[in-house]
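What follows is a single structure, written as structure tokens, with notes after it.
Labels run A, B, C, D and E following the written order; every chain starts at residue 1.
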Amino acid sequence: SDSDSTSGDSEDNTSSSNESEEATAETGETIKIGVLASLTGALESYGDQTKKGFELGIEYATDGTMEVAGKKIEYIFKDTETDPTVARQAAISLLEDEEVDFLVGSSSSGDTLAVTPLAEEYEKIIVVEPAAADSITGSEYNDYVFRTARNSSQDAFAAAAAVAGEGVKIATLAPDYSFGHDGAKAFISAAESLGAELVHEEYADQAATDFTANIQKIIEKKPDYLYVVWAGANTPWNQIVDMKVEDHGIKVTTGVADIATLPTMTALTGMEGFTLYYHTLPDNEVNDWLVEQHKSKYDGAVPDLFTAGGMSAALAIVEALKQTDGDTNTDTLIETMEGMSFETPKGTMTFREEDHQALQEMYSVTLEESDEFDYPVPVLKRALTPEETAPPIMNQ
Amino acid sequence: MNLAKVEKSTWIYLAISLLLVIVPFIVTGRSMQFIIIQFFIFAIFAMSYDILLGYTGIISFGHVMFFGIGAYSTAIVMNRFDSTILSFILAIIIAIILAAIVSLIVGMLTLRLKSHFYAMLTLALAGLFLVGAEKWRSLTGGNDGFTFSLPEILRDSQSLYMLCLLSLVLIFFGLRRLTKSPFGRVLMAIRENEKRTESLGYKIVHYKVIASVVAGVVASFAGVLYSISLRFVNTSVFATDMTIDVLLMTIIGGVGTLIGPIIGAGLVEFAHHWLSSLADVHWIFERWIILYGIVYILVVIFFPLGIVGTIQKKFFNRQNYQKKKQQNPRRKLDEGRKEDEDELYRNG
Amino acid sequence: MEAILETKDLSIAFGGHVAVNGVSVKITEKKFTSIIGPNGAGKTTFFNLLSGQLTPTHGTIYFKGRDITKLSTTNRTRLGIGRSFQITNVFPNLTVHENVRLAVQSQANVRYQMLAHFNHYKQFKEKANELLELVFLDDKANSLAVNLAHGEKRKLEIAMLLALETEILLLDEPTAGMSLEEVPAIIDVIKKIKGQEDRTIVLIEHKMDMILGMSDEVLVLFHGELIAQGTPEEMIENETVQSAYLGGQYDEQLT
Amino acid sequence: MDLISTLVINGLATGMLIFLLAAGLTLIFGLMSVLNFAHGGLFIWGAYTGVWSYQLSGSFIIGIIVAIVTGLLLGLITEKLIIRPVYGNHIQQILITLGFMLVLQEFIKVVFGPNQIAVSPPAFLQGSFYVGDVIFIKYRLFIIILGLLVYFVSMFILKRTRIGLIVRAGVMNKEMVQSLGINIRLVFMLVFMVGAALAALSGMLHAPYSGVIYAEMGLEFSILAFIVVVIGGMGSFSGSLFAAILVGIAQAFMAYYVPALSLAVNMLLMTVVLIFRPQGLFKAKG
Amino acid sequence: MMSSLLRLNQVEAFIQKFHILHDISFEVPKGEVTVLLGRNGAGKTTTLRTIMGLNKVSKGSINFQGEEIGNLLTHRIANKGIGFVPEEQGIFGELTVGENMRVAMKKEDEQTTKRMEWVLDLFPDLKKFWKKPGGALSGGQKQMLAIARAYVNENELLLIDEPSKGLAPIIVDKVTESIQQMKEQTTILLVEQNFLMASKIGKKFYIIDDGRTVHSGQMDELKEDKVLMKKYLGIS
């Protein structure tokens, strides 16, 4: 209808894709995947990671043939601009005009929620990546939603595993909006289940320039650990250090996000926390391949936080197709994918039958100085098993 | 003679509306339809804004609060009740009543303020609504938002298209009549010179409040349509960006005309869509937002009064100029032409 | 003779400066009253008080015996007190015709009509045209008011005032900046209205020939106070008036 | 008591930072009456170019100088190409400056990439110290001093020269000012450039304060700056300073005592001020 | 022999698309008061604005002191020594009287201080309301301020648009007198509807009608010429 081109990027991927074209000529069938991501705007770097990861994932899963069960795989990226209207428009265009068989996406939870009902309506599977809101596989769940991304509760369990124990006093600091509340609440319940005691919950304006008052309050409550949930650019780290929180015997812990944020955490060197991915952490073949390929393809750059996620989404889809032998019937696929395990850069993931949330490895880390960079890097303390961080089922 | 005149433009608009009715039978792609639906919705929203900006001379930076009220009312009602047409009607009624009450209060509280201050105050109030939506998470789901279901008929893209088109046409004609009524003329007088309007015996605060209520209710209705077109709502319906978008649409099209905001909405929607799709064509367009920004700059340079406004002015000037050339000063003018131009210059 | 408008001890101060100071006057119905006084004497301020643009710090205003001190501008206009402005005060981006039509519409009490088309009211249009002819602006009916020459704006101002058909006309230097040629014509218009003997006219002017030719009564303001009151002839003879206001020019002007 | 002092001092520092941000806007919006939505764009360009040269050269001072120069240059370009055709027309200003804002913001990503960039204060401004039980953060003290400096210099210039008067007169009646022999275009251009330089400077100073810079921060902060200018009273430097400190301290205290409302504190403050004192805190009624 | 300070030759000007001035030609001799007359809308104000560079000259020439100033920028023209009292006064409403004066003052030397004293003597009201916003002045006071602003600077030529408008007779006298005092150093081009005033101080006059200079002569003769007065000025 309009200029939405099918940029099935496959052409310029590798030389092997050319061979695949001949192969598909035989069966004449293609499987189309539409990927929604924030390719512009504030979450642009996340979108970019998903995109790169997804491309590499398909390549890896098909051994570079871009084909599964004799069918060619084609994928189309669409920008959501982190705007639910645009996300929905893009999704419709993918489902209607491109007639994709799968949706993947997207970088923001709001965009994702604007799209999941369409999956139900069109009866197509959406693999949610990397949106983390619990509600996507919780209150807003529908049968067509599968999530390779971790959700906020998994983060919380990972964090709690690192610090909580009988009698430990904890406090939280989180931005005052859905993401922060979700994360803090999940952490609190996870930590309490491990016997910790909550002494204070603090929410701060995410756009604030000054966190003095918030930190001051936490100091007064004298917790053993302060768990900080933070995303976005305006970070509280400098002030946490400037206000000498550690001097008051409070240990700070948080999730380590993408590489760009590491320099902002210089002051937190030595901190114990967790992360869902850092390229040196998982020890498995898939990750080795990912790191190597990513480096060679992108000028030596290493894969980042959501690159592994993007790859996992691709791997999940290809794995499902392998198991159905290329059958794209959605019911069949759902049946296949429920309970399906597949190998990813983060080890084996399993879609839980009840809520389609992928249980996955998380990593307990310490931020340590490195010789290579002038910022600290997460060093593995312990890989947390998928079972350890399994979140409660929330879609009932 | 005059009647025939008015009818002529009305006919043109009706003809265009009819054409638009046929569109979904030609453009069957739902994604294109979705874009056109968004265009209709924002055209309604922008027209409501123009009642304030173009006709009454009020700059508001918080008009989005009514849009958000409409969107949330619908989403919440549809989420809590059965997804039937009846609940939908209930949603509309609630949306309109809420918007009317809020715009009445906001109007009475703030309309005595002068331009900038009014603008900033509305910005603040809309900001408070945004914070409210963020905080009242049990009702709104916070900034992630929530989805809801709709009766079958409203899920159908075709019928949604028709609903939005019908709303647009009715609201357009309704507002057009309003702006051309004696009441509408007084609004324009207020825009031009408040004090003087007062001393002609008009109570300006009444007019401003009524204008603000009309604009609020229409915006709220646009919000209703917006949320059903998305079947999802989150706090972005209260975001300042949305006000800025609608402000841009109105200005690009031309303030003080009704057709202007519609054209502006179309231009912004389609330019956005087209430019962003360029990103797929060549990597050089990955930064298409730069082009998008340049479009705004060019519009100001080449269409200082907005697209419709500038074209009308050119037309008006030319006619006036020719007339001035032919006529000696004291000759009486032909009545018909006189009204014509008056019309032309000020109305859509 | 009935007093249609009466002020009692009317005062207003801006900061420390008392612009109108304890003015008590009666303005007789259907008569022509003029107000003179040096610049800054408080004439315009006095008008502003009468028409409701300003609220007095002190004193009362009665219209036909009714206390209107607290009424708004709008309500006073509706009661029948109309005024023109010293500084040009029109709707710049509306046409000349529309400017007048708005006044006509208000006079006809069509205020909140939202459903009918404004062209529906043919009589307004015609009346507006008549008024424009009266002040020699008919050829400019379609110009935007902002494009008028200064004198033309003054005429428009008068047309708008006349359109309101109020019982009282408060005219603040209506002919300031008007060309020599047209002043007599406007004076004729004012005289005509006066001749109909159904309106009360209050005029502020610095053109003494106008004052002398038309006034029934002259009020003299000085430093905010009413210092003299009487027939034009009496006032011209008044020594204070001569020294404070007229200077040496008045007798030349009279010739 | 220590608590209060800590809150006050940090609120003051935040306030000063906001003041630096608003100072440019006080000139451009308050004095010249230009609704410059591209202000945030000048802010981020100052931040990025300043940080870039700071990290390259290792000298914070060089960073500051580069930011100011960027501000002046961008101010020149903005004024000539974007603002000059639309003086006196708020509606066109909104459209054209928003368009330009998009261009500026997106261009940042072209030049510096889309990722956020971490920044830390120079060594001599790092860390904090105690006086009694009250904690002082060095960089914040630096901000407070710099804010006061900017305030006094600006006040001196505005009070001692006719510039302020000429600009205000020019906004009211450009033709008349020109008829008095003043090259108002040049004056406007210079004032705009200074305003832009102040915006750029505050961007640069803001960077180590929050620890990161990112392209989207421009619009966020420019709205805050608008709020401060309006609360303080348009065109009043003292008003902006006072309002900025008020906002800073209110944020600190709200966050401590009424955390539930801390998201809304700016908006609430502005609402209250506008309802009870529409002309702003430091402006006589008129 | 008086040389002419300002000479307009077949000047044409447009406002937007409207051809307002068709053929304006006149000379202003140094050291005299020259008066432009004509009915409303004739183009007098437009003529003055065109000289000031506030309107473009589309054809013809404007010569000041032997120099073409036709399309110079307004502030350049002003700095050549031309002062302007506009018809709409051009008061900066939100600035005080004092600030209005300060904006106008090109220099702050002794000379200017002297002039300032003279001006404030002429219009004591201004001194009285020195700290009042210009917008709050009475109509006549504004007019005085507009004139005063033009007086404080040393100018070769003053363009004054209807100075007597809104002034009390006694102030008109003062203004008349002041113009007479000034004309030795400062030449004046006056637009005036107050014929009495104009005839007192004016030497040469030009009548403008429909954007053209249609007649010129000596003011003394005009006073006697009833036919002409009737034809162009409507005075009988």
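Here is the rule we use: a residue touches a chain if its C-beta (ideal position, glycine included) is under 8 Å from a C-beta of that chain, and two chains touch if they have at least 3 such contacts.
By chain, UniProt protein names: B, D = Branched-chain amino acid ABC transporter permease; C = ABC transporter ATP-binding protein.
Quantities reported herein were computed from a predicted structural model and do not represent experimental measurements.
Q: Starting at subunit C, how many touch steps does it take at minimum to reach subunit E?
A: Contact-graph shortest path, subunit C to subunit E, evaluates to 1.
Q: Can you list every chain in contact with both subunit A and subunit B?
A: Chains that touch both subunit A and subunit B, as defined above, are D.
Q: If I rank B-D and D-E by number of C-beta contact pairs, which comes first?
A: Higher contact count goes to B-D.
Q: Compute the distance, rounded to whole Å, between the mean C-alpha positions of subunit C and subunit D.
A: Here subunit C and subunit D have centroids separated by 49 Å.
Q: Quick one: report the Å distance separating subunit D from subunit E, using the average Cα coordinate of each chain.
A: Those two chain centres are 44 Å apart.
Q: Once you find the CA centre of subunit B and the CA centre of subunit C, what distance in Å lies between them?
A: Using C-alpha averages as centres, the distance is 41 Å.
Q: On subunit E, where are the residues touching two or more other chains?
A: Counting only residues that touch two or more other chains, subunit E contributes 18.
Q: Which positions in subunit D touch two or more other chains at once?
A: As it turns out, subunit D has residues touching two or more other chains at 109, 263.
Q: In subunit A, what residues contact two or more other chains?
A: Counting only residues that touch two or more other chains, subunit A contributes 176.
Q: Please name which positions on subunit C make contact with subunit B in the complex.
A: Per the stated touch rule, the residues are 51, 53, 72-74, 77-78, 82-83, 85, 89-95, 97-98, 101-103, 105-107, 110-119, 121, 125, 138-139, 141-143, 160, 164.
Q: List the residues on subunit A that touch subunit B in their complex, please.
A: Against subunit B, the touching part of subunit A is residues 1-5, 7, 39-40, 77, 79, 81, 83-86, 88-89, 92-93, 96-97, 109-110, 113-114, 116-117, 121, 133, 135, 139-140, 176-179, 181.
Q: Write out the stretch or stretches of subunit E touching subunit C in their complex.
A: Going through subunit E, the ones touching subunit C are 15, 18, 38-42, 45, 87-88, 125, 129, 132, 136-141, 143-144, 162, 165-174, 193, 195-196, 232-235.
Q: What residues of subunit B sit close enough to touch subunit D in their complex?
A: Those residues of subunit B that touch subunit D are 53, 59, 109-110, 113-117, 120-121, 123-125, 127-128, 131, 134-135, 240, 244, 247-248, 251-252, 255, 287, 289-290, 292-297, 299-301, 304.
Q: Mind listing the subunit A positions that touch subunit D in their complex?
A: Residues in contact with subunit D: 41-42, 44-45, 48, 176, 202-205, 207-214, 216-217, 233-235, 237-239, 242-244, 260-264, 266-267, 375.
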